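Shared between the two complexes below is chain A, which has chain B as its partner in the first and chain C in the second.
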Partner chain A sequence: IRSMWSFWLKNLRQFSFSWYTPEACLQFKEHFHAQVRTACQQSAGTVGLKISKVVVVGDLYVGKTSLINRFCKDNFNRDYKATIGVDFEIERFEIVGIPYNLQIWDTAGQEKFKCIASAYYRGAEVIITVFDLADIQTLDHTKQWLEDALRENEPDSSFIFLVGTKKDLSDAVCERTEIDAIRFANEMQAEYWSVSAKTGENVNEFFSRVAALAFEQSMIKELEKTMGHMVQIGTGNLISMLNFASCVYFPHLCSQRLGRVF
Partner chain B sequence: MVALQRMGPNLQLIEGDAQQLAGMIAFTCSLAENVSSKVRQLDLAKNRLYQAIQRADDILDLKFCMDGVQTALRGEDYEQAAAHIHRYLSLDKSVIELSRQGKEGGIIDANLKLLQESEQRLKAIVTEKFDTAMKQGDLPQVERFFKIFPLLGLHEEGLSKFSEYLCKQVAKKAEENLQLVMGTDMSDRRAAVIFADTLTLLFEGIARVVETHQPIVETYYGPGRLYTLIKHLQGECDQQVEKVVEKFVKERDYHRQFQQVQNSMMRSSAEKIEPRELDPILTEVTLMNARSELYLRFIKRRITADFEVGDSMAPEEVKQEHQKQLDKLLNNCLLSCTMQELIGYYITMEQYFMRETVNKAVAMDSYEKGQLTSSMVDDVFYIVKKCIGRALSSSSIDCLCAMINHSTTELESDFREVLYNKLKQGFPATTFQDFQRGVTSAVNIMHSSLQQGKFDTKGIESTDEAKQSFLVTLNNVEVCSENIMTLKKTLESDCAKLLSQGFGGEQAQAKIESCLSDMAAVSNKFRDLLQEGVSDLNNTAIKPQVKPWINLFLSISHSIEEEEFSEYEANDPWVQQFIVHLEQQMTEFKAGLSPVIYDNLTGLMTSLIATELEKVLLKSSFNRLGGLQFDKELRSLIAYLTTVTTWTIRDKFARLSQIATILNLERVTEILDYWGPNSGPLTWRLTPAEVRRVLGLRKDFRDEDIKRLRL
Partner chain C sequence: LTEEEEEDEEEEEEEDEGGGAESALEKSPFQLTAEDVYDISSVVGRDLLQLSAGPRASAAAARLQFSIVRVLEMLEALVSGGSLAEERLRLERDRLRMEVEALRGEGAPGSLNLGPDKMVIDLTDPNRPRFTLQELREVLQERNQLKAQLLVVQEELQCYKRYIYHSVYKLSAQQQFSRNSEAPTSLSQLTTFTVQPLE
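Coming up: the complex of A and B.
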């Protein structure tokens, strides 16, 4: 279990809310929604496990499996081993005292495995569309991949990321590709990142960002649900809480938690 | 100083002794050193002697080998010859080098050359003899020479040659089988799964080959070599599988069927393939995959066990490397890839099969009087179970999970949508009941119908149908939610069985859990839908009826004298009638809804009655006897409601009971006997302001007294 608080402290403080490029990012907030923070604070240790489903799609050989392996197992393999059907990894976190899992579904890029892989698109909180920075064609194909994945999901229910891999091979061509990628990301309403599984550059930062956004989303959904019930009962006035400005700053919460853990 | 001088001679003595002692020690030391160096020399000499003996032995051996090989070869005793070569090959190379430098170097050199020639000759002979034996299919000879290869250091060659022989056997048998397939009578019992059967024969053949020949490989080649043998065999297996699958695809028109399915899924206008026609082929493909999984599991187990023995002393990297080789063999062999491809098509076709059959079940939905649910629920779950069951029978976890996902989507989106739309049409609340209750409404209906230019009694009939449809749909939704949970449980135990048999990779368990929990979440969505439907029913069918009945309370005076009180006792003015109405109304729901839903509905109804009655009370006025009358009425109502529901009525009616208590007081100040520190076990549900307000309903209480109360 990666409930390593220090890991999170490091990642959340430094990276999790920072986006890769302001030209293509999903939001600019610097910390969790005020209400999410309050809720976490109140329910740390009492609520059940939260899970978000992440689906990774993109052409074959772009480096989807490598990206996931770098993050989950911190290794890199030069040899290409095509993914057959789907692979699956669970990454366990603890965010502000709440246990949290990312379920990462690594799908096959090869056309002949598409039928089976596409059966796993449903219910994705996060869709990661991956392309190879050194192969512009794979960027062109991301739109199709995204369309296929979105078809199996409720409209506006998933965060979308566009990720360029193999940043270590970067040269002038890659830089031009990146400009295109940012334009694509805007059209897809995706957040753009570029990473290298080989060197590990941006990999942890990227997944921290994914986890933070998905976590917040799932907490908000949960809150809306429980509030829906409360409103029904007629306790009123809860909706206005959604707008109240925050005075609790996130690192403060961390240090509180630290006090309890150590 | 004097003392020192006195010690002088003594010190001299000590010095002398010490010098003597030092001398002795030095002597002993050099003696010891001398001895030990001699011992060391002796040891060295002994070692050299041993080496010399060993070398002499080796040289003798070498000579023995040289002579022996010649003799053995002449006598065609290849085993003996190979044994000599083996001995020669295991000799220390430096020995040979040394022997050549000796006095007889020339002779040895010549002999050595002979020996090496013999080695080459023997290798050639063995290879040739093996090839001949293989050509003739002479198994004893094949095995004879197979055993000789490792003696000559030719492990890889031996295994590869032997595999070549075994592959030929496999191929021959496979071709015969395929011929048989082509000649199969299509009315044959096994005709529908003939390709699965053919694959089975192929796999069983290979498994038998492994079983039979594993001991000889282990004995003569040592452990850890099975991988090489099976890798060769897998090459042949792949080729044969390719042929069988090619025939299968052609004979069964697999790709065209897939294409057609894909077309009909994308464009609704396309000519639809009849789902029933897909049934046999879907079954056959899953069977084919199941056989492959079984076979792959077999070779995985065999190789793993063999590596375990062979690598027991090996370093970690070697073990990992072997594991990698094995994974690669299993995952990247053509068999695996081909099957994955077939299964991919299968998934799409199965999804189509499920969707189309579900649509059919919905279209043909029928309801039998006396039943709570209609036919489509049973049918739909039968279909979903059948499809998932078939995916399960493929033994592929990925295939199963994919089908679980498709089923979840089918139930969540398509089927739930059907039920949702039925509920959205609503429960036709008023017209029919109005008609029943009084002429006024009937006239109204007639009036409106006449205005529209028609009077249709069918209207009433179809209202009846619409009501039934709504109630049946509610039951259907509940059963769906239950069925999904049951299905999930069944699948959990099915999967546990599959995993315990060694199918599925390392993440199989987690994959299944994820997909099944997704499925369980859909069960909750049906629960939510049910909740919505029941509260709709309460709002549209019960509320409009109950409210007027409760409002009747207003027309009954509760400021009454003894005489009226007795009159009420003889002729109940309100509550009995109200209960009769409720009873009548609920009979229909009790008969038409499942016990769980009915109970849910009565729960909502009792809450509704409690709220509405309270509203009406606050508009009425009472005197002491009127309060008593209300208390009686409330008791009757509670007694009745307690019999119709399992919900705790007392709690829902707590406020009303407390109101009744207040309305029953003799004097205003009597409230203090029940309030605050005197409340005893009673928990007041009324605020002080509400208590005052209720007291105010008593026309015989003075406002000043109420105001003066300290609550």
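Coming up: the complex of A and C.
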């Protein structure tokens, strides 16, 4: 098991918790929640493989597939090829000794495929809405894409990201678009990033952030689930720890559970 | 036609007027008025009278000949001008008729037996749409399943490679392999879940 504070991707990319812009960042903590860390340490090697579902949506030709290909295959294809319906990639990580996968769903931006792609929105831990920094209209459309994706998911069950692509083409217009985008991100309760799949700028950093947040959330959910069993078994140590985590992350559940435990 | 009749009459009429007739004969036939025709008829009538009497007969005959030639020229111009206009109109009519038929052909399927959301498919177009949404869904699901299986197989292959590598280099192969062999199993479990859209 690696040191608690250094998280490495499978291919030894630095795993980071850092955000992109403080204006459009929803949480600023620098490390995993203490309880998650403890739980990871205790359960490393014993828990099954964790997987989080990521859904990438946005207009056609904004570069969703390019973004995913840069991260998963580290390549960039200049030729545009529209995605048919839906595609997926699985990226494997090991975080604090726990194998962890991101299942990244690449959806078609073309209207005609919407009815197929939307069947894959459900159960998304992460929703990434993508727009082209050079095309303000695609930013306007992100709200609709997000709305469609949220409709298929439980309220507040997904992390939302707003990503501007083609940063390498950036000019004065893009900079103005970015200001709008940060405002949009705040309204959407999303974290904003701008990336370039062509140069690779911010791509790994962005997905590391996605993986870190999704991993933590998935661990907390797991703890939540096992907590019920633990209460019956009567492991006092775990109960107090998990209750603490619950109070931080699930305040609406906390009063009930606490009432029963204590 | 009316002009012709008028001119037939003119030649029969016998009136004693002059002056305007000369200029009337010089006019463009398309600018002739009824007044001009009366002028010409009076000149022709006078010449006809003179033809039968006296010493000025030959001069009258010459003038008459000129007048008749000129009137016939005018008649010819008017007739061919009319037929040109007629031809133009005929062409215009044919063109409009074709246009209307083309428009009717375009609009017919939409407006006659199909609703506004309907589409006409050209069966000779090799790129015409021919698969249903359900078929595409199934193909995509199958593709996803195969891709997931490929990932599992690649993962297993890596494990075997690692195993062989460690065997060759006399490392603790057994230990290495058993540690890594867990991953593909759990990945394969997860990929079955992966490839289906959650209904």
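Remarks
Just so we're on the same page, the second predicted complex is superposed on the first by the 218 of 262 C-alpha atoms of A that agree within 3 Å, B and C clash if a C-alpha of one lies under 4 Å from a C-alpha of the other, contacts with A are read in each partner's own complex, and residues count from 1 in each chain.
The working rule: a residue touches a chain if its C-beta (ideal position, glycine included) is under 8 Å from a C-beta of that chain, and two chains touch if they have at least 3 such contacts.
It should be emphasised that the depicted structure is a prediction, and the values quoted were computed from it without experimental measurement.
Chain B and chain C, once both complexes are superposed via chain A, clash.
Of the two partner chains placed around the shared chain by superposition, chain C is the only one that A:Pro99 touches, whereas chain B remains out of contact.
Look at A:Lys114: by the touch rule set out above, it reaches chain B but stays clear of chain C.
In the superposition on chain A, A:Asp148 makes contact with neither chain B nor chain C. Once the two complexes are laid over each other on the shared chain, residue contacts for A:Glu222 go to neither chain B nor chain C. Of the two partner chains, neither chain B nor chain C is touched by A:Glu201.
Looking at the shared chain after the overlay, A:Asp168 reaches neither chain B nor chain C. With the contact threshold set out at the top, residues 51, 84-88, 90, 103, 115-116, 119-120, 122-123 of chain A are in contact with chain B in one structure and with chain C in the other. By the touch criterion stated above, chain B contacts chain A in their complex at residues 328, 331-332, 336-337, 340-341, 343-345, 347-348, 351, 398-399, 401-403, 405-406, 408-409, 507, 510-511, 514, 517-518. Residues 133, 136-137, 140, 144, 147-148, 151, 183, 186-187, 189-191, 194-195, 197-199 of chain C are the ones touching chain A in the complex.
Note for the complex: chain A touches chain C at residues 48-49, 51, 84-88, 90, 92, 99, 101, 103, 115-116, 119-120, 122-123. Touching chain B in their complex are the following residues of chain A: 51, 53, 81, 84-90, 103, 112-116, 119-120, 122-123, 152.
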